[in-house]
Amino acid sequence: MREVLEGSQAVARTVARCRPGVVCAYPISPQTHIVEALSVMARTGELSACEYVNVESEFSAMSVSIGASAAGSRAYTATASQGLLYMAEAVYNAAGMGLPIVMTVANRAVGAPINIWNDHSDAMAMRDAGWLQLYAADNQEAADLHVIAFAAAEELGIPAMVCMDGFVLTHATDVLELATQEQIDAFLPPYSPAQALDIENPSTIGTMAGPESFTETKYLQHLRFLDAAGVIEAWSERFRKAFGREAGGLVARYDPDTLDRDGDAPPASAEDLAVVAMGSVVGTLQATLAPMRAEGLPVRLVGIGAYRPFPREALKAALGDSRHIVVVDRALELGAGGVLTGDVGRALAHTGSRIHSVVAGLGGRPILEASLRDAVRRALADELPALDFLDLKAGGVPEPPVGATEVAR
Amino acid sequence: MSTVHIPFLQTGTLAVGGRLLDDAERSVQSHADRPSSLTKGHRACQGCAEALAARWVMDTAVEATDGRLVVANATGCLEVFSTLYPESAWKPPWIHSLFANAAAVATGIASSLHAQGRDDVRVLAQGGDGGTVDIGLAAVSGMFERNDDVLYVCYDNQGYMNTGVQRSSATPASARTATTPAVGRHPGAPQGTGKSMVKIAMAHEIPYVASATVADLRDLEHKVRTAMAIRGARYLHVLVPCPLGWGSQSSESISLSRAAVQSGIFPVVEARAGELTDVQRIRERADVEEYLRPQARFAHLFKPGGEDGLQRWRALAEANIRHYDLLGGRP
Amino acid sequence: MTQVRIHGRGGQGVVTAAEMLARAGFLAGHEVQAIPSFGSERTGAPVVAYCRFSDARLRTREPVLEPDVVLVQDPTLLGPARPFAGLAPGGIVIVDTTADAPWVREHAGAQDADARVVTVPATRIAMDLLGRPKPAAAMLGAYAGCADHITLDAVQQVFRARFPGAVGEANAEVATTAFAHVRGDLYTRDDSPEKGDAAAPAGPRIVPQEVSRA
């Protein structure tokens, strides 16, 4: 059934239908609507056989999730920004112990200066924590990704973040079709932990590993991560078959002309400028590039679905023979450029590609179609520098036009 | 088991496990089939009171729950000396996650068990004073105020011994540590600092709070058993001398614990719902010197200029005696 | 595609208005999108929210920069919020006020704007019929009265669904009254002693609607 729903509501309902055993909540904007909605469902019984725990910090939210997952429950929490960084130690710990927790990250900037709006710097700070990072292009995918995330995480024994742009998606209302309880029950296997704190078969979890075994432990974690790409693809393909729509996957391809998502779209060709992006800006790029294609401009769009593991091979396949790339990046590696650009560059090493990093939308700066159009035109005209800050205002921070800022005061 | 008060002379020592008693009233450790939850192969120092206390606590909890016990452990000596991969000295299902989060991990386990309908399986969390009173305090407090069904045990050796004896907020005044060296005009840990975790726990008005030492293992056992008979958040604070950190002989861990209690420095108490319900009276009053002098960390108190510090210790003991009525009205 | 921008103040239900508008548009058969612009604002601070209707799937996530319709839930925002900025030629500006269109234009500095200005005493209607200063249903009722993107029936439906019971019914009545007001059946305040608010500022009771001036 297609219905009008806020992104956070859609995620909360889908998570509830994945039947988590323990949900932890600590408030931080912009993820709060998700855990608020889950708290209502926990009270009404819509979320049954589930403990909803109000904890005292994000660090404890992840720690409670660790205990719950280790004790054999499907565990879920949500956070953003400072909250993700406050729980950082436990984020790494969950991955090291192979606990398949699923966490929504409502992507938000990291201070200082404090800023509650969207960019990707929070999740990027955790890129090497050993979690899967799946990015939603829109609210439909944000909801659907949670089903795929639980399935893939539990098969792999690797925790998963579902990253959705804070406010831009979490607080936006769209026409969506949620996976039903029956569909999810048929799709998602019950949680069957590979290891658990079991009184019948006692085990010690979380031992100390010395220099003689730490490298091997990390190597095994690395091998498991290499498996992750195939597992994510397989579950995404199963999802497409079961639900009749595309979600997840490592890399999203788009029809050259309609810009509709299409897994069978051909790779970019040698004359194409390929725009690579991740998160909700993909939607704005669809809207921006379709008219440019109609003008006959050689532009293609490639979306990153899984940022971790980084899908080098799938990305190279989608980029085809294109050697001219623009990466629209929502996080900044200080002194270098866009964070995603670094990953794309590594994937395309020795291919002779020209890669532009367009840093856009930091701290909630709206990414405008006109600005993207301008950047793409400049790239086509060989006028775009290797690193460009979209809509950077020289000479201070002037008065913005109405609508181009979040709040006019 | 009901509590039976046994005259000291009748048993010889509290540590023999009560072999003169009826079988049902003997200590867990006196039985051939004791759980040995913390078993052979661990790497604790000689005279480590934490290892001794943990063994008694765990075995009692295992017996009290008929083996239905899951343990969450904070980072610290106890975790390091018991679980160096690929070995483990723990028999119960046991998890170590991080330094600051044992209480939260325990909450997660308890929540999971409840969601699974396994309320018969109980949860015990344990950590040192650093993981409890310092870095883990927020998680401990959160677990307390939610009244989660967890027994949290703090083994208090009064410092960060695992990292080489640095000061914690449980380090007593004057104590020499690696970060409060016994040099300068005010040697050792500063006066007027530190906090009482027992009082903090009581302020949460949780169902059960108690303190104990390894000098009275039957009392420790009794408190664990009492705690395991109660649902909700419970806290047990155990003083555990550390020969390495305290600069004491490995043979002195029991006698130092006893001196701490008998001098009034470490009150052994029980509280329910925030109200003090029992206090272990001083049996034979000891001077604070009996506690302080064997410890090299207090050596500067017994050198010229140390009188002032010593006086403060006497005042602390007097204050405790008054506050908790440790002499039971006796002079 | 039709784009709508809503100006109001924190606590007035601006975000709810955008969501309700999207829901009503969906009932009218459109693809819809509502984007609230959340700030760290508190009650009373200026708030903006956006809504889009389209026959094709909506993909863009940029804020609405060139609205076809602007709703202003508080006339004190006419100056500072610049509601006429970016307005599409011939666009509609619906303002919650007891004053008239020339007054709105003057206070917005938009005397010559190519726009159709509609005024509706939305908050007054809400206070009378709902008892709370929540003008959203009135604004959407007025919207249904002057453009065919949404219907009055759809507005009533979405408010009844969101607020089941008496509050939903009252909102439906608020919407109907505002709808009738902009259709020419001008709202007359019930000034009877039981319901009236003697302290309310006097304003023009009869509000002639402005016709589109191209």
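Should a chain be cited, it is by its letter among A, B and C, assigned in written order, with residues numbered from 1 in that chain.
One rule holds for everything that comes next: a contact is a pair of C-beta atoms (placed from the backbone, for glycine too) under 8 Å apart; a residue touches a chain by one contact, two chains touch by 3 or more.
On a predicted model such as this, the values are computed, not experimentally measured, just so you know.
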item	value
Chains touching both chain A and chain B, listed by label	none
Far-end chain from chain C, centres as C-alpha averages	B
Chain closest to the middle, measuring from C-alpha centroids that were averaged per chain	A
Interchain centroid distance [CA atoms averaged], chain A/chain B, Å	45
Separation of mean Cα positions, chain C and chain B [Å, integer]	66
Mean-CA-position distance for chain C and chain A (Å)	36
Touching two or more other chains - residues of chain B	none
Chain A-facing residues of chain C, complex	5, 15, 18-19, 22-23, 26, 31-41, 45-48, 50, 58-65, 67, 80-83, 85-86
Residues of chain A touching chain B in the complex	21-22, 24, 49-51, 53-57, 59-60, 63-73, 75, 89-90, 93, 97, 197-199, 201-210, 213
Chain A to chain C touching residues, read off their complex	4, 6, 29-30, 116, 138, 165, 167-169, 171-175, 259, 280-281, 283-284, 286-288, 366-369, 401-404, 406-409
Residue ranges of chain B touching chain A (in the complex, touch as defined)	67-70, 72-73, 79-80, 83-86, 88, 90-98, 100-101, 104-116, 121, 138-139, 141-142, 145-146
